[in-house]
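One chain, chain A, appears in both complexes that follow, with chain B as partner in the first and chain C in the second.
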Partner chain A sequence: MRLRSSRTFWSGDRRGRLLAAALVTAVIAYVGWKIGESPSQALQFGFNGLSVGAIYALLAMGFTIVYSTVWFFDLYYGASAAIGAYGVFYLRSKDALSGLHSVHNAYVNVLFASVVAGVVAWILYETLYRRLSHRYNREVLLAAGGIVSAAAGCYTLAVLHYTENLNVVLSPAVGCAAALATAWLVFKGLERVVGGAGRRIVVGVAAVMGLAVGAFAALYVVGEPGTRLYLSWVLSCLLAGVVGLALYRGLYAHMRERARSPLVMLVATLGILLAISAAIVLVFGSPARPLPDVFGSQPREIWGGTIKDFNLFTVGVAIVAFLGLLFLLKRTSLGRAIRAIGDDEEVSKVVGINTTVVISIVFFIGAVYAALAGVLSGHDTAIQPRMGLLLLLKGWIASVVGGIGNLYGAAIGGLALGMVEQFGIWDLAGEWRDVISFVLLILFLSFWPRGLLPRR
Partner chain B sequence: MKAEAGGRPRPAWDPRRLLSGVRGNLELWANLIILTWAVAFAVWQGTGFAIGLGTVFAIWGILSVSLNLVVGYTGLLSVGHIGFFGIGAYAVAVLTSTQDYELLRTGAVPTYEWPFFAALVVGVGLAGLAALVVGVVFNRFRDDIFVLVSFGFAIIAFNSFLNLRGVTRGAFGIHEVARPQIGPWVFDEEFDFLVLALVCLLLVSLVSWLIVTSSFGRVLTTIREDERTAEVFGYRVTHYKLAVWVISAMMAALAGGLFGSWTRFVDPNSFILLESILLVCIVILGGLASIWGSLLGALAFVLLEEGLRFLPFVPDVHVGQARQMTLGLMLVLLMLFRPQGLLGRYKL
Partner chain C sequence: MLRNALIPRMLISVLLGAVMVAALACQEDPTPTSPPQPTATAAPTDTPEPTATPVPEPFTIGVMESVTGPGESYGTVMVQAKQMAADEINAAGGVNGRPLNLIIEDSKCGAADAITAYNKLTDVDGVKIILGTSCSGAMLGAAPLAEQDGVVMLSASATNPDIAEAGDYIFRTAINDNKLGVDTGNTMWADGARTIASINELTDYAEGVRRTTTERFEALGGTVSAAESYTSDATDFRSQLTKLTESNPDAIHVAAQSEFTGGTIVKQLRELGYDGPIYAESVVAGTQALEIAGAAANGLKAIIPSPDLETERGKQFLSNFRERYGFITLPWFLGSAYDDVFIAAECLAMTGDDQDADGFRDCLYDLTYSGAIGDDFSFDDKGEVVGLANVVVQVLPVAERNLDNQGYEILGAAPSVQ
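After this line comes the complex of A and B, so read on.
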């Protein structure tokens, strides 16, 4: 009787590692050979790989943080990327795309507005209501919260309706956000300097500076139509993130309590992905659409290779996003909570972490990262309804190759995937790109199942 | 119908009592509704319509029954089934096509002009071979990762159909695929073809039924419930999984051959990943580990598209999207309230 019959001939640990090392060596040798063959062309492929890899890394980072917290794969992620990209199209189609294929749909507006209203109500409930309900009349608090969240919904509706003047409509929100951020930063900074002594003065200074900066930001945004692009990016990423949060809080949280295995969650999120992709086709139609060029399509020349400014920008965004997530996970109390939940959710609940809130935030972050990747890749190529599924798969592969649950692994995996894809199509034709990434995945999983940098 | 313990019995018209009645007899209701719907549709739309719909149902039925062997009975959630379907379709198309390609000037591809059944046997064999190779590699993976690599198989298969232009003629597709022929009897009439497809469906269902009721099927169920236990009892889990994987792939290739011959035109767009996901939806919707459930799921799937066509607010070009949306939302609801599907015996 052989107990370990499921082991095939190559599955021994040492042999697997040897084969993996051989694989990596072969890849490096291949790249080296290519560089020797034609350095400038290799540089060009390297640049392409870098710009694609940055997008994959963004996807993988968001994917891995969600997976390592709740331990199921959230396929809404792909839909989030598509929502981000199509959101930019939706917000810009009346304006930058000169009304061509202009899309406007009242149902979409109402849907997003109600989601935003619900999420605002939930935030108010979790933060203010819990603190204030002991001191004040609960009915009054609930009514006030309802009015505020309804107002937030109405504001979203207005923003989505008047997209041709995005900068004007959004200026109050930008002003408030800038004011709050400045006030908070000033308060934290001064408090550290002054200590507890002059708290009132600190609050006053922070408030005044916040008001000033907020007013300036709002006025600047109103007077500068060029900011519409960036506002549309931020807005569509935030909307996709809010939908992700609402999905977790409204659906997955209940489903997880009775789910027998992670596959149930996987299938349910697959259903969400299907429904949202279909909805995107229903609203926008199936043909591919362009997003406007951002920094001009003229490529810039560096050491004999060419790269578009936008791709450099993408790489920068990916680096900033990586550092931001790293800071969040390693240096803040929220990050500690996230890691604790990933290690053991029950115990974190016992020690007093509000797991629902923390996981909702994680889903928000993950969805925002996916949407960001969707926006960037949409500007780089074009947007099409299939892009959600494709980006989802690429992010999934990159996070698995990098070692699922490890942030560094996700970044490296994304970059490696982009590079391998681009160098792979040097000799093969470009159509085989998706095949290359999946062959890489299968090879990797066969020889090195835990990925490049496994989670400890 | 039981009343709540301790309380007064609810009157017969109480909606809660009605609802609990439906929930208790969900299987019966699902059967009744879908079958009535099918019959009503056939009567209303006339025979010609019903024949076409019946053939589509037979093809999807073979696919979903065969996938249920893998997903429902063995517990491997495979999203790559459409690849084997495509292999069968392409084998039949390439081997039987009589189109003169030189006229189109798109490269020389030889025409073989084989008879349908010989090509079908080759296609089924090829799919079995491909499944063997793929299965040996995929056997190490399970759960989430198996889903991911099976996505990969679907994508690799689709890209191969699209890009191996020397064999498959890429996006142009292959025209004039032969209809089946036994001696002088050509299945040219739609009705004849429907009969053939239904016979195939019956055969596949019968074989599947024999498989799942045999000792082989019981081992598969054990693997699904607890792989380690099956190993401890001395069964070679790898071999069992591989065997059912290959059998299921061959059934899918049979469906593919029928599909290619029925539409008389094969191109890569019939084998996209989305179709594969919809297939998984059918299997889960109909019921995991239930052959009758799979058949019913395929029937509901086919009827759904035609049913949506008659809704006033769904424009004709968007019927596919509306169906996809319905299925997606249904999947979410099922996972919330009934993770085994309508007639399922196994909770995911």
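After this line comes the complex of A and C, so read on.
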């Protein structure tokens, strides 16, 4: 399903170029006419488009990095968005609608705890086992690994069980994460300044500062019940990511070795998407539900248009996510490995890249981005079981429009899709919004399958 | 390779850990909490224990409500209200000494699912009397079949005008939306609105409310500056609402089928900076809708069936219901559902046969009933309820909303405008 056509929006054969020029002219003329007709409505549509466009862009970024690495449609991606959003509802359902639809399900807890335990076991195996197996007894190592992963599973179970006091239960994890991150940053920073000479002092300083920051973070989280909501965002994104990773390592990796056609993978992931959607209906019921309110719903007025604080936050998150992914892809060795695998997986394997690990990380990142988009979309409007499929399609359209495999394209495509959806229904009824986005998709697939910006 | 031999063992240890974890979880949490859900079939709780005396054959009637779907919030509590009525009847000795048995099916607020539920009730359970449905769309789907088969349907809350013409066997204790449309149009006109914009859910009920309201408003000389609609699974209404607010209406009219969309629309309207008046129907004034809308609903006016349940019986019912189930929404419709079971019991006592649909129908035509929703109401020759009225209510600020006032104050009957 690799799109090998050379036609992008800007370059290509004569017909494609003519059509592109005509389309751009028509769109500019239409939008210009409409802006002249009612500038205030245009501005408001622009703000609405920005709000949803940021979420689409986030989806497209994750989608594009996964697709351009493994070259098959991972439809779990949509389910991940739903898991992220419903995860927040699961963890914080007491805060929405007076806890009327509060959900607690021991099976769900055990399922996620097992997945986490399995993934921790795999991480330990990949990172530590080979290094330590020369020095220590294999049986001892295996037992230790098993105990650590079971402990991770138990901890996950405890966190999912005591959602009432999420901040207290999670505070050790937050403390550890803050301590490790600080220690690592201080270590890297000082090492660059001091050099190899004072290595012991550097390690000592880093450890002390890490401990101090970690303890402060843990205590802060315990004392602030308001952090529960934000912790639930992080937790639910991480869980969705872990499930994505587990699916790749546990299922797709084996299937890809056997399956000769990406269609097999498509069907398999479709099954996963449907199964997860059905499970969501079973656990949460089918109607749409709101998530707890964040930042209030007082509108902010800018030049006569209004936008919610939360939408501005969404745009900020999308920008940070974009810069983060850009940094990862362009400046780190992992990013180089990801791009190499996207170019040719077999050769990457030959030159010594552990493709399974790298692709698993890509799936993790992709699933986290999707879950983040799901959480933001859920807070912006509401959650419903079909949201996974809808967001998946929107993310896919945005990445096709932007050009699959191009991060800038994903951002631009998401924003463009958000705007087209809004301005497209200026003279049509609101129900036509989805139709318009699919018409856009068909146009691009037929005439410019490589999108606005080609993969580089 | 070494690795291949290790992975299974690693997996086994992880699995063992998971099993331990699972065992722990089961000990910790033997009863997962879940929201109150009505059971699929509800046997009378007071059926006498099988003893030497023979158990009297129960009267069996069907119930169809939107337990899931857009009408979930009120469909669920209406089932509970009906069950409570049946339990009270059975506790008091049943109907002619025979217990009343309700068989509950989910009509999911849509025509197709209503027909499935109807077929199940009539073919499998063999009932001839059905109390339902919650939603107009479901009613319009199942009513033609009921009319053809000679099965009585008595709805507590389906209000679409077309149901009046559905047939001889179709009754309702809900007020026809023609009345609601006139009352809403009059209220908006009397409040000084001359241009309105409207948004409605694409269901028979909400569409009917919009149609009747708009017709009345235009008949009074008003204009509709913009009209938008949305499907039941929508969650983002901002683009439609932007078009409404940009048409600069004096007021916006909202007709929703689900409390979720109604509340969300009100919230998103205010988020878009609209500060003019909002008018709505019953669903948008539901407990859950007001909770979703929060402060955005302050001052919203809704035209709903007389909600105070002033009758002694109505007050008693509501306090009993709250005690038993905790959650109340759309109290008038709860009362209506509750009354329907007593009406059915009264007619069953008269006919003495739950298979006698014709006798039941004739009984309804002749009946004058006083219950939770009002005194001395009856059915006209179209099966429409006579003797009940709508009132205008205004939503209170968040701090003043409570269980007793249901979040709004009653302004009185809708004004009459010539």
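One rule holds in what follows: the second predicted complex is superposed on the first by the 439 of 456 C-alpha atoms of A that agree within 3 Å, B and C clash if a C-alpha of one lies under 4 Å from a C-alpha of the other, contacts with A are read in each partner's own complex, and residues count from 1 in each chain.
We adopt the following convention: contacts are C-beta pairs under 8 Å (C-beta built on N, C-alpha and C of every residue); 3 or more make two chains touch, one makes a residue touch a chain.
These numbers come from a predicted model, not from an experiment.
Within the superposed three-chain model, A:431 lies in touch with chain B and with chain C [touch as defined at top].
Of the two partner chains, chain B is the only one touched by A:255; chain C is not. Using the contact criterion defined above for the overlaid structures, shared-chain residue A:354 touches neither chain B nor chain C, since it reaches no partner.
By the touch criterion defined above, A:332 lies against neither chain B nor chain C after alignment on the C-alpha atoms of chain A. In the overlay built on the shared chain, the residue A:106 is in contact with chain C alone; chain B does not reach it.
After overlaying the two complexes on the shared chain, residue contacts for A:154 are found with chain C alone; chain B is out of touch. More residues of chain A lie in touch with C than with the remaining chain of the pair chain B and chain C. In the superposition on chain A, A:117 makes contact with chain C only, while chain B stays out of contact range. When both complexes are aligned on chain A by C-alpha atoms, chain A residues 429, 431 touch chain B in the first and chain C in the second.
Residues 38, 40-41, 44-45, 48, 51-52, 97-98, 100-106, 109-110, 113-114, 117-118, 121, 125, 129, 138, 142-143, 145-147, 149-150, 153-154, 157, 161, 285-290, 293, 297, 299, 301, 306, 308, 380-384, 386-387, 421-422, 425-426, 429-431, 433 of chain A touch chain C in their complex.
Interface of chain C with chain A (complex): residues 6-7, 9-11, 13-14, 16-18, 20-22, 24-26, 28-29, 32-35, 68-70, 72-73, 202, 228-231, 233, 235-240, 242-243, 245-246, 258, 260-261, 263-264, 267-268, 270-273, 288, 291-292, 294, 296, 327. The touching residues of chain A, counted against chain B in their complex, run 1-6, 8, 11, 72-73, 251, 254-255, 259-268, 270-279, 281-282, 389, 393, 396-397, 400, 429, 431-432, 434-435, 438-439, 441-442, 445-446, 449. The part of chain B that touches chain A in the complex is made up of residues 77, 136-137, 139-141, 143-145, 147-149, 151-153, 155-156, 159-160, 162-163, 227, 231-232, 234, 236-239, 273-274, 277-278, 280-281, 284, 318, 321-322, 324-325, 327-332, 335-336, 339, 347-348.
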